Every structure is written in C-alpha cells, then in structure tokens.
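Next come two complexes built around chain A: one with chain B, the other with chain C.
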Partner chain A sequence: MRESIIMKIHYGTALGAVALVAIHILMRMSQKYSDSLQYQNVIANYHLLPYALMLEVILVLLSVHGFNGLRVILLELKQGVAYERAINYGSIAAMAALVAYGSRTILMAGMGVS
Partner chain B sequence: MAEQFSNREGIKGMINPTRYGLERVAYWMQRLSGLGLLAYLIGHIYETSTILNGKAAWNNMLSLTQTPGGHLVLVIVIGMCVFHTGNGIRLMISEGGKGIGRPGQPEYPYRASSLNYKQRLCIWVSIALAALAMMYGAGVLLGD
Partner chain C sequence: MATVEVSTEKKAEPPQTSVPAPSKPKTITLRISRFNPSENAETKFEEFKIPVQKWTTVLEAILYVKENLDHSVAVRYSCRQASCGSCGMKINGKPRLACYTKISELESNVVTVEPMNNFPIIRDLAVDFKQLFSTHKKMKPFIINEESEVQPGAKEFIQTPQDLEKFLQFSYCIKCGLCNSACPTMATDKSFVGPQGLAQAYRYTADNRDQGKKDRLKIVDQSHGIWRCHFAGSCSNVCPKGVDPAMAIQLLRGYLLGFRK
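This part shows the complex of A and B:
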C-alpha cells in the first residue's frame, strides 16, 4: 500500500478516535468517577450493545493508529529492505493481536461469560 | 571518506531537542506522547480484561490502579492525549498545505517560511490545552 494512503488512514483513524474517545470519557463522567468503575456499572456498559460496538470501533481505530505511528517512528530511525519488512509485518501482527485480545474482553463481557 | 562524514551527527543530531527551536521540541513531544499513549492503550486493554475473571479480580485490579499513583499516571495520560491531539491536528492541516507560507527564494538569514508564528502559536495552544486538561483531570481524579 502506498505511504500516502497509509497516512490518510492514520489521520482518519486519529479523527475518528478523538470523537469516540471523547464519548467514552463522557460516559465515565456521567456519574461519580469511582462509581462508574464499579463492577456492576462496567458490566452494564458491556451489555449495552451500542456502547460495546463503540468500544470495538475505538479499539480498532486506536490499534491501527497506534501501531502505524510506532511503525513510522521505527522506520524513521533505520532503513533497509529486511528491517522495513520486519517492522511492517510486525506492526500488523501486533495490531491484530491487540484487537483480538480487546475484542475477546468486549465479546465475553457482553455475553456475560465471566 | 572519514573526513567527509566527520561533521555528520546521524541519529544524535536528529534527536537533539534543542536544535531547530520549538518545532523540534514538538516533534519529540508528539512521538513520546504517542509512545506513551500506545503503552497506556495496551495497559488499559489488559486492565479491563480482568473483568472476565469476576468481581474479586476486578476489585483487586482497581486497588492497584485507583490509587494516588494510578491517578497521577492518568493525569499524565490526559496531558499526553490532549497535546497529541492538538499537535496532530496542526500537522494534518500543515500536511494539507495550510499555514506553512508560500515557497520563495532562499534569502539570508534563511528562515523557513513553514516555521512561522502560526505553527508556533498552535504548538503553544496545544501545550496550554494539555495543561488545562491535566488540571481539570487532576481535580476530578484526585478530588474524587
């Protein structure tokens, strides 16, 4: 994929994440902060389908943005065919692993498997 | 050949935050805040996954994170998040060609038109917003 397209994805994921993370934080502020972290409240958040879907979207957006940012930093430091390939594939693998791990929490908590 | 490269600093020159003024400082802050936020994201995903192990495990995790030290980390995360967002929007707009001045003949003292007061103002505004958000966050978290 061309770097110009990757950077457009980078900026798009950033803007999307800013909007959704703001909603995520506002949900914590809708009640007293320590109360919002109580077990029942957090589980109730996962059971609310639109909110769980939003968490999943935030997870994907931030993973793509975060690991692409790390990839850019690492490619700025050093260049080379083998190195760049390792960084590119390593970033994709790390991104996929984080999305899979986070999705597991959202799915299992949402379905009441705990 | 060695003489030819003797003045080249390589990565050391690139990472020197005191050179090229505020723009280079912003460059480093953008990268450091990005790395910090990625580390927080990974930690946050691990932290929330403990809810699958039941109420006791969740409360045990809260007893580790909901402490003055944990709240201090969150305040720093808020600051990094706001600065990264503000400076990131500046970079997006600059990459679109806005606010970087017009290209012209290089004339002494060779000031780059892209490193202008608009860019510096945006960096300072990002820093100020981050400081305000940190103060607000500290008020909510530490005053809770």
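This part shows the complex of A and C:
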C-alpha cells in the first residue's frame, strides 16, 4: 500500500477517534461520573446496540491509528529490509489481535456473558 | 614696485573626512574538530589562536590555520561567496556556510567548527555528499516535458510571474546540505529523503512547464519519503539562501492528499 494512503487512513482515524471519543466522554457526563462507572451502568452501555457499535468503531480507529503511529516511530528508529518487514507485519498482527480481543470483550458484555 | 599681498587669513584647510581608524585585530580561539577515519576512531578538538578583523569569515580563519599553523586541516571550499555550497559546517553548534559567516557576528571569542551532522565524515570538516547528490538526482531535477522548446516550430512555454513565484525560491538551492544536517528526522532515519531532495521535488512539480509530477510524487511517497517529516522547521531555519524546504514539504503533501492539483 502506498504511504500516502496509509497516512490518509492515519489522519482519518485520528479525526474519527477524536469525534467519537468526545461523544463517549459526553455520554459519561449524562450522569455523575462515579455513577457512570458503576457495574450495572457499564454493562447497560454494552447492551445498547448503537453504543456498543460506537465502542467497537472507537476500538478499530484507535488500534489502526495507534499501531500505525508505533510502526512509523519504529521505522524511524532503525532501518533495514528484514527489520522493516517485521515491523510492518508485526504492526498489522498486533492491531488485529487488539481488535479481536476488544471485540470479544464488547461482544461478551453485550451478550451478558461474564 | 610691485607689491605682493599676503593674505593674513588662515588658509582654508581641506574638509576633514571621517576615515575610520584601522581596527585592531582581535584574537579569538578557533576550535577545529579533527577526525581521520584511517588513523583513529576518536574525534578531538584542536585549538588555534587566530587574529581576526571584524570582516574575517570563519572560512578565512580556517584558511589562516591551514596557511600558518597546521596545513593538515581538511576543509572543502571553493567560491567564498555562498554560491557553490561547499563549505557547510557546524559553527558554534549551528549548520552554516563558513564563507558566509563572519566571526564578529558570532559574538564569541571561542569559535567551534565541526563537520555537519547526518553526513559521513571524510576527514576533519569535509563530509561525504554522495547520498545528498544521489537523492537529488533521484528527484529528477529537470523539466520533464515531451514537447521540447528546441524542436522547430514548437512554441515557447508561457510562464506568468505568478507561475514563477510558485517555485522560484526553491530554485535558489545550492545543495550545501545544511538543511539535511539540521533535520532531526535524518539524525535517526538514514533512509529519509531529506528536506533538500523534497524541496527540489516540489520545485519541479510546481513548475507549470513540467509534466513529471506523477513520477516525482511516486518517488517521495515511500515509507522513508515525505511522510517522515515532523515539520520541525530546522531546515528552513538554517538555509543560507532563504529557501523554505519545510514549506515545500507541506505543499508537496498537498498534492498527495489531494488539496492541490
């Protein structure tokens, strides 16, 4: 993939994440902050499908943005064909693993499995 | 009998011109970084006492050392008028052209000269420009146009002052390498294209006579290309010709992000 496409995704995910995390924070403020962290309230969030979907999107956006950022930092730190290939594929793998683990949490909480 | 009138008035003196008294040469300490890869692996500084006038440049001070104190100091220079880009070095920590920097403007009695950062050292103050020139060449620094002005019957390429203004300052680059030396990304990423190459890519891409935009954008759109610039702006800060490579990089990004056509 061309670097400009990757960077467009990078900037897009940053903007998307800022917007959605802002909504997420505003939702916390709909009640007392300490109340919003109560177990029942947190589980209720996951049971609300649109909210659970938004959390899933935030997870994907932040994973893509974060791991690409890490990839860029590591590429600037050291160079070499094998090293760069390892960093590129490693970032994709780590990103996929984090999305899978986070999705599992969202899914399990949404289905009421603890 | 003829009499001669002698004027009793004092003869008028020529007006006094304010000729400045010759300035007294000042003595400064010139610290030169010495490194010879074939002899030892350690860089050391040697100090020389140099008489300087207010107009003495750093290059002249180094040449004074070569002529009178130690002729083995390695330094690259040529035009002595900031045109050839040969004498770039770190002077009191900042990349500058030695021929274009007066000792008096440094306001210090100790002047330290070191080779530029981010370049392999050949010896003492002379660095290897191989990568700089090879990157410059990769950017296709010439007008790419299928129609040639030299063909009979071909019309001239019209260029308005506004068209020229888009790239003119970037054509002042003398390839001295100071921008690359100041670049913090180049300090860690040895494969980074660098501000010099990117500014030149923009210079030709923005030229309305050029048709090689697609090729050049492809070259800079790599993992160690234009996107690795952090926009620290050090490159623009040190350019002796007033070129603003940081701006060129942002404008070039505009093409890749679709903001510019």
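Assume the second predicted complex is superposed on the first by the 114 of 114 C-alpha atoms of A that agree within 3 Å, B and C clash if a C-alpha of one lies under 4 Å from a C-alpha of the other, contacts with A are read in each partner's own complex, and residues count from 1 in each chain.
In the analysis below, a contact is a pair of C-beta atoms (placed from the backbone, for glycine too) under 8 Å apart; a residue touches a chain by one contact, two chains touch by 3 or more.
Every value quoted in this text rests on a predicted model; they were computed, and no experiment measured them.
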- Message: Output check: A:47 vs chain B and chain C. Expected answer is one of first, second, both, neither. What do you get?
- Response: neither
- Query: Is A:3 contacted by the first partner chain B, the second partner chain C, both or neither?
  - Reply: second
- Tell me which partner A:77 touches in the superposition: chain B (first), chain C (second), both or neither. both
- Query: Thinking of the overlay built on chain A, is A:67 touched by chain B (first), by chain C (second), by both, or by neither?
  - Reply: first
- Query: Who does A:14 touch here: chain B (first), chain C (second), both, or neither?
  - Reply: first
- More chain A residues in contact [chain B versus chain C]: B
- Note on the structure: In chain A, both chain B and chain C touch residues 7, 77
- Message: Can you tell me which positions in chain B touch chain A when the two form their complex?
- Response: 11, 31, 34-35, 37-38, 41-42, 45-46, 48-49, 51-55, 58-59, 62, 66, 81, 85, 88, 92, 95, 140-141, 144
- Message: Quick check on the complex: what are the chain C residues that touch chain A?
- Response: 185, 188-192, 221-228, 256-257
- Flag every residue of chain A that touches chain B in the complex, lowest number first. 7, 11, 14, 18, 21, 29, 32-34, 37, 39, 42-43, 46, 59, 62-63, 66-67, 69-70, 73, 77, 98, 101-102, 104-105, 108-109, 113-114
- Tell me, which parts of chain A touch chain C in their complex? 2-4, 6-8, 72, 75-77, 79, 84
